[in-house]
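Look for chain A in each of the two complexes below; its partner is chain B in the first and chain C in the second.
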Partner chain A sequence: MNITEKILAKAAGLDKVEPDQIIEVAVDRAFTHEKLGPLFFKKFREMGLTIWDTKRAILFVDHGVPPSKVMDADLITETVKFGEDYNLTCYNAEGISHQLMPEKGNVLPGRVVVGTDSHTCTYGAFGAFSTGIGSTEMAWIFNKGRIWMKVPHALLFKVSGELAPFVMGKDLALHIMSLTGADGANYKTMEFTGSAIKVMELDSRMSLCNMAVEAGAKNGIIEADEKVVEFLKGRTDEAYEIVKSDPDAAYEKVYEIDGSKLEPTVACPGSSENSVPVGDVEGTPFTRALLGTCTNGRMEDFRIGAKILKGRKIHPKVRLQVIPASKDIFSQCIKEGIVQTFLDAGAIWCNPNCGPCAGGHYGLLGQDEVCVSSSNRNMKGRMGDPSSKVYLASSATVVASAINGKITDPRSLV
Partner chain B sequence: MIIKDKVFEIYPDNISAEQIAHTKHVNSLTPEGLAVAAMKDVDPDFLKKLGNGKIMIGGSNFGCNSSREWAPSALMYAGVELLIAQSFSRIFFRNAINIGLPILESPEINEYVSVGDELEVDLSTGEIKNITTGKKTQGTILPAFLLKIMTSGGLLETLDAER
Partner chain C sequence: MNLVEKILARASGREKVAPGEVVVANVDSLILHDLSGYITSRVFEKEVKRKMRYPERVAMVFDHHFSPPNEERARILEENRAFARRHGIHLFDCGSGNIHNVAVRNGFVRPGTIVVGSDSHTPVHGTLGCFAVGLGNNSNAGTVMPFGKAWFKVPETIQVKISGQNKPGVCARDVALWLTGQIGEGGVVYKAMQFTGPYIKELEVWDRWLFPLITIDVGGKCSFIEPDEKTVNFVKGITDEPFEVITSDPDCEFADVWEYDASGLEPQVAASPTLGNVKPVGEFAGAPVQWAELGGHGGGRLEDIRQAAYILRGRKIAPGVKFNLVPSSREVFTEACREGLVQLLHEAGCTWFPPSTGSNQAINMGAMAETEAMVSTHARNFPGRNGSPKAMMYLGSASTVAASAVKGCIADPREFTV
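Our next item is the complex of A and B:
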């Protein structure tokens, strides 16, 4: 069995599972946030349901903080109230769920995590099975602590070599999207392995697993290693087990990628599958840049951004908006002088939240505006007006491009 | 469960959940608030077209990306009675069943229907009859437990009935 099959089998109390088998698995952690939770809170109350485990059901206020619509303010109030009434931890405006779940020790290798957010697949970076679901199903899980699943077929991505300097996990993710297409992994698991993954920072691994859903995948996963063990020190006192794929594990398809040949990669507007080497779109002008989100709002992103930016200025026609994924990351950026570097260069530094990525608030794109963004989605209208355009890129490419006011290979500035 | 109605529109591949119910168009999570946002970025005439029929056809990977249950909810509250697509993305598929929006996957549906055709669809057998043309095709039959959730109003309704 592969990692995903082993985790699901264990959570279902079975010795073995096979693709397409429908099983019922016990959930280790489950969360919702203020945009999707309120859709079931009322019904949950009306039905008199109780929470299966108040230490394992978690709430986040992360999408619309501070709110820019009355509806968003009301949704936050409802979410906080639900937490108070049912005795649940609610992380309010402290950061994005996908950063806080691991930071707060809620993601452990070998466990099953579900959340009402499609990018819940991010935690595969820690060797956990994690996937996104909807509101109604979360009501069921909050009450019962279990969920039905169809065991997914598996795709294996073997990435050899090592990514070159200023080439990041995000570039690999975008390159993979061009191989699979936007639904090439629909219902499947994407397992990432090989020397390039091994040497990759956890932040880049999170970015890679985060993008799995953009190919339609149920989950993305990487075998946990000493980097994960190190990260979890001081964050949990629970015992956990690192799950590894068997040498004879079955995969529907194996992709072999030479990581050392990978170039900075950019997804052109419309879909993350529209990705090309940066050279193909170099020089494309734009006026808006976003650095942050659950895909690329972490220390690796801000450190590489600051390194490129040091002593330079953002292009006068570009507005670069920077959003850390959590309060801890924000604090660390202050300590390392990164915030000052960005401010000196002319960037706008914001509080941790999902930002304009989901198109809800905080820097939406107007008519015909073009944005280069470190986020995960670029379909028509995603970040604002349907006529606006989004190019997806790594944090290094976003910052390098913001300096020049046109899409730029970050390697050309170092 | 048998649904008989007209096809009001056929949509392309990769329509995302965001596009079906975009945050910028949703100002209240009430049925009305979601219904007015339905498909606005994709098709500004969506609600108008729903006057011509209640069966919607999608392409492949319908409802991709976001986990927002707003998407199938918006379609349901807008008045869609059946959604047939070549394929559904994973989360949208679960969400639609869990809220009781009738959906059917039929990989070759586009070869069998045109806008305005009247269909008779049996969700338990997956049979799609095109009354206008006389052609028939097949949809993927759901496992019995999912069909029951979908046709009895959704997941919480089945939970309610169990108690």
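Our next item is the complex of A and C:
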């Protein structure tokens, strides 16, 4: 069995599972946030349901922070109230769920984690099975701690070599999108392995798994290693078991990628599958840039950004919004002088939250505005007006481009 | 003549002016923000339809948005940018700070000049010895653009003399809030106020600023403080542009002289629905708050951030309270970073936001549900200004805001400072 099958088998209490088998699994952690939780809170109360385990059901307020509309303020107070009434931990405006789940020790290797957000698949970076589900399903899980699933078919991505400097996990994710297409991994598991993955920082691995859902995948996953063990120190007291794929595990398809040949990659507007080497779009002008989100709002992103930015200025026509994914990341950025570097360069430094990525608020795009973003989606109208355009790129490419006011290969600035 | 009369006389080419006269005067700076500026720009292009006469004197500051919350607002900002490009005016984009701080820090406000703006708090610039007034968003500001002039009725002037020294834990903002209550919300309609007296002279410029800030909220036309050495050094530290200091004649007469003694004053809080509802903090102590904020036209200054840091050093804000810190300008954010205050307040549980007017009018942030309440350094507390008309806004000094954030309810800062 592969890693995903082994985790699911264990959570279902079975010795063995195979693709397409329908199983019922016990969930280790489940969360919802203020945009999708309130869809079931009222019914949950009306039905008189109780929470299966108040230590394992978690709430976040991360999308509409701070509220710019009374409706958002109401959703937040409703979520906070639900947490108070049912004795659940609610992380209110402390950062993005996908960063806080691992940071707060809620993601352990070998476990099953679900959330009402499509990018829940991010935690595969820690060797966990994690996937996004709907609100009504979550109501059931909050009550029972269980859910049925179909065991997914598996795709294996073997990435050999080592990514070149200033080429990041995000570039690999975007490159893979061009191989699979936006529906090429529908309901499949995407497993990433190989030397390039092994040497990759956890932050890059998170952005790689984060993008799995963009190819339609059920989950993305990487075997946990000593980097994960190190990360979890001080974050959890729970014992956990690292699960690895069997040497004879079967995969529907194996992709072999030479990581050392990978270039910075940019997804052109419309879909993340429209990805091309940065050279193909170099020079494209734009006025908006976003560095942050659950895909690329972490230390690796800000460190590489600050390294490129040090002593330089953002192009006068570009507004670069910088949004750390959590309070701890913000704090670390202050300590390392990164906030200062970005402020001095003319960036707009923001509070931890999801930002404009989902098109809710906080810096939406107007008619015909063009944005280079470290986020994960660029469908028509995703971040504002339907005529606006979003190019997806790594944090290094976003910052390098923001300096020049046109899409730029970050390697050209170092 | 007093300072304002002398400025108006000079700018209208007259030897002398007297209260009640209408003059047409040259304007030195026109400052606009992203909302009012949009309206002004439409009027200018669609109805006035003339050439921008002095684009170098016009500045537009995006401060109600540090990021557009919806497509419609993104469109407005894009149109504002296109307008600025078309006419060559100065543009300070999202994240620069609030309009009045940005105007000062970029040299648009100099002693002896006339500063007009399409924001009601524009009279704040009287702090530097200017004639500074708010104009209507549309025709009035729109016609300044082609002519570089505006008409004004010379106001009568009231001299407001403040003496006394504050007790520990009480500061200039408490005095200004208290004065709002003393003068009353319609207390000086279309009049000018000269703030003077030993209390004002002692203050540094950014604290003096809190007094002309109240002008519009007591119905005044403008306010001013006589420039002195502090004023001159302050302005020279910002701009190389020459300026001429104008001061009131020693024998000038005032319509009235009002004297106030600030000694013995308690920290003050103004609770919704109006600024006039200002009382000693004890009257509201214990009222729960979920939000706290340093920000707005008069808040988010370095002085406010330092006050909050003094109280929050080694402390945490109360669970359930969100404390927003909105620097009044990019320079303030950078300086707070240098002084280690960004880190200190972050670790106390506060949240930093891009320089802007923060929760002012709840455009980017600060919308409250009907059960919520905020304590802040903002300038206004009207019902519905921050979300639900039932939500409460308490205005106080940065110390009071910080003390209240620690306790989760309106609190007397002297508990922490004395």
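Everything below uses one rule, namely that the second predicted complex is superposed on the first by the 414 of 414 C-alpha atoms of A that agree within 3 Å, B and C clash if a C-alpha of one lies under 4 Å from a C-alpha of the other, contacts with A are read in each partner's own complex, and residues count from 1 in each chain.
Rule of thumb we're sticking to: a residue touches a chain if its C-beta (ideal position, glycine included) is under 8 Å from a C-beta of that chain, and two chains touch if they have at least 3 such contacts.
Computed from a prediction, not measured in an experiment: that's the story for all the values here.
Using the contact criterion defined above for the overlaid structures, shared-chain residue A:134 touches chain B, although it does not reach chain C.
With both structures placed on the common chain, the touch criterion links A:68 to chain C but leaves chain B unconnected.
Of the two partner chains, chain B and chain C are each touched by A:364. When the shared chain is aligned, no partner comes close enough to touch A:274: not chain B, not chain C.
Contacts of A:182 after superposition: chain B is touched, whereas chain C is not reached. When the two complexes are overlaid on their common chain A, residue A:54 makes contact with neither chain B nor chain C. In the superposed model, A:382 makes contact with chain B only, not with chain C.
In the superposed model, A:334 lies in contact with chain C only, and not with chain B.
Contacts of A:39 after superposition on the shared chain: chain B is touched, whereas chain C is not.
Shared contact residues of chain A with chain B and chain C: 69-70, 364, 384.
On chain B, the positions that touch chain A within their shared complex are 14, 16, 18-19, 22-24, 26-29, 33, 41, 60-61, 64-70, 73, 87, 89-91, 94-95, 98-99, 143, 145, 154-156, 159-160.
For chain A in complex with chain B, the touching residues are 22, 35-36, 38-40, 43, 47, 69-71, 75, 116-118, 120, 132-137, 139-140, 143, 148, 182-183, 186-187, 213-214, 216, 218, 271, 358-360, 364, 377, 379-382, 384, 386.
Within the complex, the chain C residues that touch chain A are 66-71, 73-78, 93-95, 320, 322, 324, 330, 333-334, 337-338, 342-343, 346-347, 351-354, 359, 362-369, 371-372, 387-388. Taken together, the chain A residues at the contact with chain C in this complex read 66-70, 72-74, 76-77, 80, 92-93, 319, 321, 327, 330-331, 334-335, 339-340, 343-344, 347-352, 356, 361-369, 384-385, 388.
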